[in-house]
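One structure coming up, written as structure tokens, with questions to follow.
Order of writing sets the chain letters: A, B, C and D. Residues in each chain are counted from 1.
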């Protein structure tokens, strides 16, 4: 029974947050911070799959988020809202309650497809050379969207937020919070299941010794393809959630700065540690919010804190360990087998 | 190692706690106004100008004992939140101002990239917001709680078209703009459409773009010069204008330039120097030869901070004063923040005529101002001299 | 039908002729050695057989299947496993996981099963785990199942690597200098292990080895190559007395 | 025809800056396998140092512009080199000593860059600085082409710097040591080569070049702001990798390649598509040549 403790505990915590938001005990600002935190968790956990578990150096994760944000917004507008772009909604507003996951799925699928552009060169190209390809893809995505005037180009795109109000009209719950939490817990669970399966352990094998992996019957190209697609697809889901939380997407929001943030979270948490990247995403978001009053000094202090942290812990908060490795007592509640 | 993990958990708890407890104090005879401005990120100068103008206004009023509403004086408290020039950060900043700081109204954000999402939040949370600088129609569209102090691109575009056609006797035009900047792109599109409507298809002979942080524009300019336009329209930020104008001259361009309101910074002349002399741009007010309140504002700002205020400073000043006017027009200050916000919004929407330092204005149904634009000429000594005024 | 037949294998790297016209035919259950001085092209032969290099010329037929164009993991799935000169275990994965990952060729589920933890996933994972434990048990490694290879002594690492290779249920096992870097007692253990494997499983073992003690005591047939070309082959006794081999190893003693 | 030649000149100037900055990336990478993401910001600091040096001598001391330039070149290079070495000493070396994973040093470099950018913003305020004119500008016109004397200086400096670095790395003893460290950082100290000294020398060289690039950049594009190094730094990094990171020739060729691509695309296609097309071409190059133009595929011994 204890093995399932986590599966009960985490949804319970999520439900608790939702109930608190519903009662108004958490004000909207705190709710918004929690939502951005959850989105960052998805970003950092999904990038960790490539940068940590697979040992590649992808620095264009923002590009996939961008694809997801746009595709998610467009789907949401097409299906559930009356918009200038698509005219009347295809489906009645209440259907969003059930069909909203379709939006996330579509966003993820589109981002995963763009992930292929990176995955295919990765068969031959590795390391810093692959890093350039990911960067180039980030630039390409942004530039492509800037040139698409139909979806607003550089002026950005609005109009996906009414989907949330449509849901709230039917059942009055903080739907945005619910979907973001589902997205975050779902993504982390998905990644955990992937990397703890024998199939996904191939990712670690590719990271540690690609030649040995290939010789020991691991189809390395397929592993790379699948891992890049899972990672970028989840970034796309994060993007779609982001778009609905902010209510506006603009290609400029997903530039290298966004990718850098994701990268910092991964390495802060420790390469290859899923719980580390979740923890660091939470800490990083809180740190940024808590230091907001410092204004410009915040952006001097935050890097300074991170540099000091790396000096004391040059392998990130968790190293490549998971929570149960560090706190053995947790082991009976959940493992990473 | 273990200790470290525990310490980080402790830190997490502390930070969480701090976040939840932050900003809960209330004072009865102060009025809180929030500023959601970019103090870091791409355009820190814009945030700085907004902050300076607001600080000056606050000191003005507080030194006189506060803002008089319904016979009682209230001290002003301005809360500045940095939105880092990012959309998500602007949303968080707006929510923090609304939920935790309990402000009655928000001034900002400045650029549309932040103003559009923040406007959505303010509208949903029923808090009046006025963006000093945003020109994207989406900022206010369908949002009764959101206002702005700047005129829109669809108004400014034709101003530039008509003025340059008349002043330069031009038949053809070239445009260079920033593709990553929605303001620049929007204005460029409108300018192109207007010009071609007036002069016939193909009369915009070159329509070139660059990126936000680009510093070299020689390829685009070579192309523009090759197309031999009668003048070049540059709806760009002043720092890029300085580089574009210089590089165009290096490549042998002798013709005139036409600019937009983003030129309107005192820094333009320090950066651009003699290359910009004699050029024209459309803007909100002419600093040189200004009279009355405008002159007082410019002189005091110059004295206090050491430079002539940018248009964004003047617009922030006006935007903040519109909020204050709304508070005064409401006639009373009620303790309940939500009710107070409603009072202010209604009062702002009903302002008949507001005499600001960037001209007199009133709001249309969307919350956009109806006001005049001026075209200024850059004089030999670097002043922005009034050339023409265009009213809707 | 022969298990493995190599006909006229030639391998060039740029201008360097690493292997020239190499031929061999291995049947089931043999234990064959491949020896030769350093740089003779022995490992290259193994690399070509395991699919890591595409041969410049010649053909390799494995159980009737031509391996040209196959990727290494596909060759492995056909029943070839190998170890490496410098141990190439995944050092940051437990011994058990090292064995588990090597079961990719028989993975009976896909990504969606892994996400859903479907019945198929559970059954397959259970099967893989059972196989892995059985193998570790048989190879006397069970007590190290949750250790990281980097923390094990070198001799044990070698044993783990051979166990990993055995876990793909090969018909042909390629051992690339299994005794390199081992001390003499470890070497004795290795000889015992190889002999045991050869007795216990009906497989063909082909090894590259420098230590004559190992080769001579294990192999029934030995092939000697130098500068990419075969210079001799025969039983251990024949090889030991072959003058060409002695010359290749010790050089011309007509100083 | 003029159009083509004019754009070639434009690309040569812009490429010179990419090349100068990419050289700094590649030098440090070649020795430490460290992507020094702070390099773009060291370049920015170089431009600011040049600004302060120039205004000091011009306005306060009252030297003539040409004398100021002569003094500014060595001073800027030395002071910028000090910044680079400080970063190495304070941030990178302790991490290296602890044997941290290479990418943690990269992230530290990224953070150092952020500190330089925002520290500058906090210290000097948001106002942009205008770089004084040190070289009296003359525009040469011939056959419809326009060239400023500054353009010529920039292009020739880039070529000279490339030749100098190529000479140092391939022909001198210290260059040999630099290549040796990249090859095997454990064996080199055993040969009696002072590794730390060599690394410091590398940083001096790389940052000095960034300082020089900063000075020339400030003269060519006289608007200084704290974030000016970020974008050009990233792009120079891309250029260095496309050329084959770690190779001096690669950085040089990569820098010009990127500039020719960007300017070529902007000149031929609608310039709104510049990034899209330029980066697609880069991606294709990387696909065809997985280790860059000059990069040698690392042979993996089995």
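We take it that a residue touches a chain if its C-beta (ideal position, glycine included) is under 8 Å from a C-beta of that chain, and two chains touch if they have at least 3 such contacts.
Remember, predicted model here, so these are calculated numbers, not experimental data.
Engineer: Which one of the chains is farthest from chain C, going by Cα centres?
Structural biologist: Chain B.
Engineer: Looking at mean CA positions, which chain is nearest the middle of everything shown?
Structural biologist: Looking at where each chain's C-alpha mean falls, the closest to the middle is A.
Engineer: With contacts counted as defined, which of the two, A-B or B-D, has more C-beta pairs across the interface?
Structural biologist: A-B
Engineer: Rounded to a whole Å, what is the gap between the Cα centroids of chain A and chain B?
Structural biologist: Averaging C-alpha atoms per chain gives centres 33 Å apart.
Engineer: Roughly how far is chain B from chain C, going centre to centre by Cα mean, in whole Å?
Structural biologist: 71
Engineer: Hey, how far is the Cα centre of chain C from the one of chain D, in Å?
Structural biologist: One centre to the other, that is 49 Å.
Engineer: Which whole number of Å gives the spacing of the CA centres of chain B and chain D?
Structural biologist: 35
Engineer: Going by the touch rule set out above, which residues of chain A reach two or more other chains?
Structural biologist: Within chain A, residues 142, 146-147, 211, 296, 299 contact more than one other chain.
Engineer: Hey, what residues on chain C touch two or more of the other chains?
Structural biologist: 52, 84, in rising order.
Engineer: I need the residues of chain D touching at least two other chains; which ones are they?
Structural biologist: 118, 121, 272, 274-275, 302
Engineer: Under the stated contact criterion, what part of chain B meets chain A in this complex?
Structural biologist: 1-2, 4-5, 8, 11-12, 15-16, 18-20, 39-40, 44, 80-82, 84, 86-88, 91-93, 95-96, 98-100, 112-113, 116-117, 120-121, 124-125, 136, 138, 179-182, 185-186, 212
Engineer: Please output the residues of chain B touching chain D within their complex, sorted ascending.
Structural biologist: 40, 42, 44-45, 47-48, 179, 207-211, 213-216, 218-220, 222-223, 226, 239, 242-243, 246, 250-252, 267, 270-271, 273, 307
Engineer: Under the stated contact criterion, what part of chain D meets chain A in this complex?
Structural biologist: 29, 35, 91, 94-95, 98-101, 103-104, 106-108, 110-112, 114-115, 117-119, 121-122, 234, 237-238, 241-242, 245, 272-276, 279-280, 282-283, 286-287, 290-292, 295, 300, 302
Engineer: Give the list of chain A residues in touch with chain C in this complex.
Structural biologist: Interface residues on chain A, with respect to chain C: 190, 193-194, 197-202, 204-205, 208-209, 211-221, 226, 230, 320.
Engineer: Which residues of chain C touch chain A in their complex?
Structural biologist: 50, 52, 71-73, 76-77, 81-82, 84, 88-93, 97, 100-105, 107, 109-111, 114-115, 117, 121, 124-125, 128, 164-165, 168
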